[in-house]
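The structure under discussion appears below in the form of structure tokens.
The chains carry the letters A, B, C and D, assigned in the order they are written, with residues numbered from 1 in each.
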């Protein structure tokens, strides 16, 4: 699955885009975030419980219980500040 | 119509082009957002001299198209134009343009304000402000923008 | 700034001129009203092809200046422009333009809508519509415009 | 006192502007309208009780009990329809 990071999440994690494989037991947005938190300190810090982040699956906002599958485009970013 | 682009745009030319030849239009409302050269009154005295707008290519276009569609369903609009820039912009430059054309004044005003409120809270753009020392700082989302959106969800339009 | 004139105006050029060089402006809202080429659905099928706006020279300028002053007192505006034409205009031509510039989006939107509502009910202009047979008919005032104004008088802005 | 007529009031009365002298007992907007109604059928019809008209004295909207004096500019017109 392709994972994209934007704004301070991108700078904190130090990468804009990466490919991850989903283990069998990873079925929701929350599961993916848990999986990413095992990848090192930068991830733990960026995706910590105290951080306000948003997730989009296939370019639509998705809640924590939204299902995910291998081919999805998974994006993590802060609340938007455009306009 | 929506456009996501790095280049600047000419507000006047865009509005003029939209109205041309359609005599069913009774009113055109537009809003342009610009990079403000303001003082950071909260933290310090550094001036913001420029900013960079990062966006999510693909999702941006999808969200803007959705927002346009919602506005067209809610109001009787002859035409809609949304232009949003990304990349680096200096103080005084255009960031975003919304134009709505309708037979009726109220529909034009309401839909333009709705589009801007929606853009501010749903379109995937992030501002990195640059002060006059060249330091970048990611801008936090404002609660006021979420509240502006709530207005539209509650109102029986 | 207010202008009462017979000549047409270039909406785009006016908006561009207003924003130029003032980096305190965060948003510019504009509204342009145009002569609509509509069918008289109530009475008959004749098309309105042109109209003549009569006005009260002197009082018009006085009222527009008053309206601008009220808007500037209510909202933090960097700039205000009101242009209203009089005389004969054909379908598709501009009638009126309101532009408001502010540091804040909400102030720009609200003040522009306020100015238009106020203009519609207080500025001394009268429309004589001309159908495609060349027949003139004085347009009656609309209750909807009075209601739009009531909104501002009641609201605690 | 200068009296101005606009829109259908102008076309009905057949004149855009006229000069009238105010008798001693004419002190308010209502008095002026009464005086004008004595000037003929066109005036009676245009300024009839069933007609919705507005009055401005010295270029400000004025109610029926507003005072008037010789040098005033007095305008009569229908509800406005600009914009």
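One rule holds in what follows: a contact is a pair of C-beta atoms (placed from the backbone, for glycine too) under 8 Å apart; a residue touches a chain by one contact, two chains touch by 3 or more.
What you are looking at is a predicted structure, and each value in this text was computed from that prediction instead of being measured.
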| item | value |
| --- | --- |
| Centre-to-centre distance between chain D and chain C (centres being mean Cα positions), rounded to whole Å | 26 |
| Centre-of-Cα separation between chain C and chain A, whole angstrom | 49 |
| Chain centre separation in whole Å, for chain D relative to chain A (CA means) | 73 |
| Sites on chain B at which at least two other chains make contact | 33, 105, 116, 120 |
| Where chain A touches two or more other chains at once, by residue number | 83 |
| Category of the chain touch graph - line, ring, star, complete, other | line |
| Contact pairs between chains, per stated definition | A-B, B-C, C-D |
| Chain C residues touching chain B - in the complex, by the definition given at the top | 10-16, 19, 21-38, 91-92, 103, 105-106, 108-109, 112-113, 116, 120, 148 |
| Chain C partner contacts - residues on chain D that touch it in the complex | 4, 6-8, 10-11, 52, 56, 59-61, 73, 75, 77-83 |
| Touch list for chain B against partner chain A, complex | 33, 53-56, 58-59, 62-63, 84, 95-96, 116, 119-128, 138-142, 145 |
